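Presented below is the structure to which this report refers.
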Amino acid sequence: MTELGPNRYGKQSIRLVRVIRGPVHRVRDLTVDVSLEGAFDAAFVDGDNSSVVATDTMKNTVYALATEHLTGAIEAFAVDLARHFLEAEPVSAATVTIREQAWQPLAAGGVPAPDAFRRTGGSTRTAVAAAGTAGVTVDGGIEDLVVMKTGRSAFSGFPRDRYTTLREVRDRIMATRVSATWRHAGTTADWDARHDGLVNTLLATFADHDSESVQHSIWVITNAMLAAEPGITEVTMRLPNLHHWLVDLAPFGGTNEGEIFVATSEPYGMIEATVRRSVGA
Amino acid sequence: MTELGPNRYGKQSIRLVRVIRGPVHRVRDLTVDVSLEGAFDAAFVDGDNSSVVATDTMKNTVYALATEHLTGAIEAFAVDLARHFLEAEPVSAATVTIREQAWQPLAAGGVPAPDAFRRTGGSTRTAVAAAGTAGVTVDGGIEDLVVMKTGRSAFSGFPRDRYTTLREVRDRIMATRVSATWRHAGTTADWDARHDGLVNTLLATFADHDSESVQHSIWVITNAMLAAEPGITEVTMRLPNLHHWLVDLAPFGGTNEGEIFVATSEPYGMIEATVRRSVGA
Amino acid sequence: MTELGPNRYGKQSIRLVRVIRGPVHRVRDLTVDVSLEGAFDAAFVDGDNSSVVATDTMKNTVYALATEHLTGAIEAFAVDLARHFLEAEPVSAATVTIREQAWQPLAAGGVPAPDAFRRTGGSTRTAVAAAGTAGVTVDGGIEDLVVMKTGRSAFSGFPRDRYTTLREVRDRIMATRVSATWRHAGTTADWDARHDGLVNTLLATFADHDSESVQHSIWVITNAMLAAEPGITEVTMRLPNLHHWLVDLAPFGGTNEGEIFVATSEPYGMIEATVRRSVGA
Amino acid sequence: MTELGPNRYGKQSIRLVRVIRGPVHRVRDLTVDVSLEGAFDAAFVDGDNSSVVATDTMKNTVYALATEHLTGAIEAFAVDLARHFLEAEPVSAATVTIREQAWQPLAAGGVPAPDAFRRTGGSTRTAVAAAGTAGVTVDGGIEDLVVMKTGRSAFSGFPRDRYTTLREVRDRIMATRVSATWRHAGTTADWDARHDGLVNTLLATFADHDSESVQHSIWVITNAMLAAEPGITEVTMRLPNLHHWLVDLAPFGGTNEGEIFVATSEPYGMIEATVRRSVGA
């Protein structure tokens, strides 16, 4: 005898570009994922699709609702979409994840062009709205934000066993690709201002602290974000440690005082943690 | 006031190739991830690394232990590694994930070559061992197994709302990239035989059933796996629906009776579920 | 004053899957690129599109011609497509590149399933047909064929300067991802038999030779291919050297007699050469 | 009888990060490829490595020379490296390709941080120096510069045959990922100023022209670059046409006046051309 355990389904990588026209155009470039949970046992066990919203319908819905609902931030659009998908029987939870790639106006003749843009890589803004019987939660976030500290980063005092060969260093490169999400206290906010404020705090604190480890940096940065923005309740940060190893130039008669490094892609460290306001705080 | 919530850290993408020499060589090609949890608050809050096993040490440990412990299946190696990493203070949980890419002997002069190999793509075997205070769990699995049904696959009877345009079909292509994991009941087994048996059941059932939907296929296939192998307690399957759309040749004076398709990569459906033995079964 | 130099345009990554139905189905999975050259100066200089075949039309043409022309090998389909595209004014050269991913029938109940398939990764078959005023050339080939020699591979006797630290070795791992193309003498052949014969010779020779370097291996393998198949005139081979470094286990009290390696992805060597029949041969 | 045709070898993806220290740090992040040609027949035919510079030595050389030679632009470093590698017998041509990813100082407390950086994605600067018996050529360039025109882009007047279904449009989105290289007239220049000037001209012209096709845009943009910078002799531009299709909202009762698009990744158009100063110009 078997039974259906946790399950969900949906549509991923719905690519939606909106051009908001006017004297000056604006471009919104989104990738939307929709995922539903609910009492879908009949679909699995009996092959009965009578309550299975087609994932093709989900895709159509995202495009159809964009006209009216994609007027502001992706957090708001995600909330509207999640609420829409929650309405269908027998959906009990609808999660909408949106990634936004930024485009900036190009300059033409010294002024911003009204209808030409450059994709500004370096990071992706994210929003996740999860609608369920207990209400709606909204997470903002950022991905693929690649940063580096060339000073004020150490790693020392760690335990040594028979397999430890790493030297203690008080001055190393710390390079990472930041993934971070934060839980908003409510479902409405000045999303853009809040997002920009949090990312600015993240970056400024990354730049302006003395790091004893990636763990320590996560603590310092997330605390700064929670202090700066009372509208969020917790931050989850995931930082790969993208190792840069000092090249030994001695065999070639050279010296290397922290100047020449080989950047490596594997293996890499991975440190992740959630930091939240204390209960009662 | 803030506090540290869930956290973990480790090393990812440790690339390890072992050549087992003898009259006939064998190649084992692994990618190992190590992740630890425990009372690491001091590292985060105080920058105190006195209990932080360096991820570089984790990497060294994987290579050092390979000589004695990587003699059989990756499930066994993962268990040994997880138990080793659990020993350090203050680790309360150690998870080791291993992906193995298969290499097969090349034929030379009609017989298998003793020392030349071809990587046989198409899928990756996985093993996850999680050691904690409650014991050790072992999950086997497979990734990137790309399969297709060109017959006996339907999708019909689904609800229609104002955003539904998908036609009902009793004969469609179902193409997917299977990711599946299964929980073993214990920590020892004839791992290779069990893995091969489960994958064979998965493939044979995929081929030999009438599918009403991806959900339905997951149910049928996972039930066959649970029936075939009493040593597993549950199967989690994750199937993207890689859409193949029939090309309309009518504008060119042609007909297309289920012959010519455009394969698409985005968007795609995603269906996932865990199927387990019922309590008391 | 400026002028238009070399130029070309076309459509890339046209994804075409054909299901050939019957008592037993067969699957053909192609990615087609089309590229045209010709006197397109007016399009560039004057913005005059009157002779610019739309790349969307190229895509449609590939699908429309598949019904009648994709009945055998990709080499033949590439030739037919290239000849078709050459017909339009002012095209002077049409190049069609096709990559084919193989699918094999799954076994169900001990016999091949008639309508279920598994993608057999590990390599891609390629064909390039170039039609021009001088006729049509056909290149066959293979990509992403990953192979390894764990014995009979050396690299020694190379020059040493002040920047050389590599040790000479008579026994190393040679791992590579083969890209090879071969020029056919004509435009018709038993393409499948010839392709299989050439790949078999490539693999058997890779397995069964003593390698002094990647360069040496390219020479030995391509000569075997030219000897085995009189219908080809030259072979171009491109072999990255995917380094596997022996792990030093001495710091941990271990020994490593050519058993434990770290596989690296960058940097990598890259060796490529064309070997051809001598003029007059 | 066979003979060795065109051949070359080298090292690819040498990852080099230099931190230039001082009151304010600077980061240079390069990926270097080295490729050599010459009379290497003995290596291929006889397995004689006596003149084969090890690719490992190439890697060491890049790191060793960085201290003295990577002080300015990548164009200059590429020239120095190419000249160095040309010195070895029997090298007749040495090509060094460098890609640089930009890092910008982070702001901390309103001022640029001295030792913290953010990788500014969106494009990669490239330099290729080719040293041979005829001297040294230098190509600058840019890759992965993703741009979009939401106005002033048309495609009409193209020929229609039985396979043409594309509608003529006077207003479409043109999105592309620019790859461009330009040949410098000499081997010395104010590389950074020239690079920035050319990229600015490229972007401003992209923004500020009326496009009849991608071909037409290439002509207009490259001519502007050649007019703005007398120190270059030709520009090669490679522009994929990353199609954005208008979504039909009519089935859902909506209208779509050039607002809602689906961004696609395949298939895509590909247009490339070299534009050069006329002989005698």
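A, B, C and D are the chain letters, set down in written order, and residue numbers restart from 1 in every chain.
The criterion applied here is as follows: a contact is a pair of C-beta atoms (placed from the backbone, for glycine too) under 8 Å apart; a residue touches a chain by one contact, two chains touch by 3 or more.
This is a predicted model, so every value here is computed, not measured.
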Contact tally winner between B-C and A-B is A-B
Rounded to the nearest Å, the gap separating the Cα centres of chain A and chain C is 38
Cα centre of chain B to Cα centre of chain C, whole Å, reads 29
When centres are defined as mean Cα positions, the distance from chain A to chain B in whole Å is 24
Chain D residues touching 2+ other chains are 15, 60, 64, 163, 165, 251-252, 265-266
Contact graph of the chains (line, ring, star, complete, other): complete
In the complex, the residues of chain A that touch chain D are 15-21, 25, 27, 29, 60, 63-64, 66-67, 103, 106-109, 113-123, 144-152, 173, 203-204, 206-208, 244, 247, 249, 251-252, 254, 256-265
Residue set of chain D touching chain C in the complex reads 1-15, 33, 35, 40, 43-57, 59-61, 64, 88, 155-159, 161, 163-166, 211-216, 218-219, 222-223, 226, 234, 236, 240-241, 266-278, 280-281
Interface with chain C, chain A side, in the complex: residues 162-163, 165, 251-253, 265-266
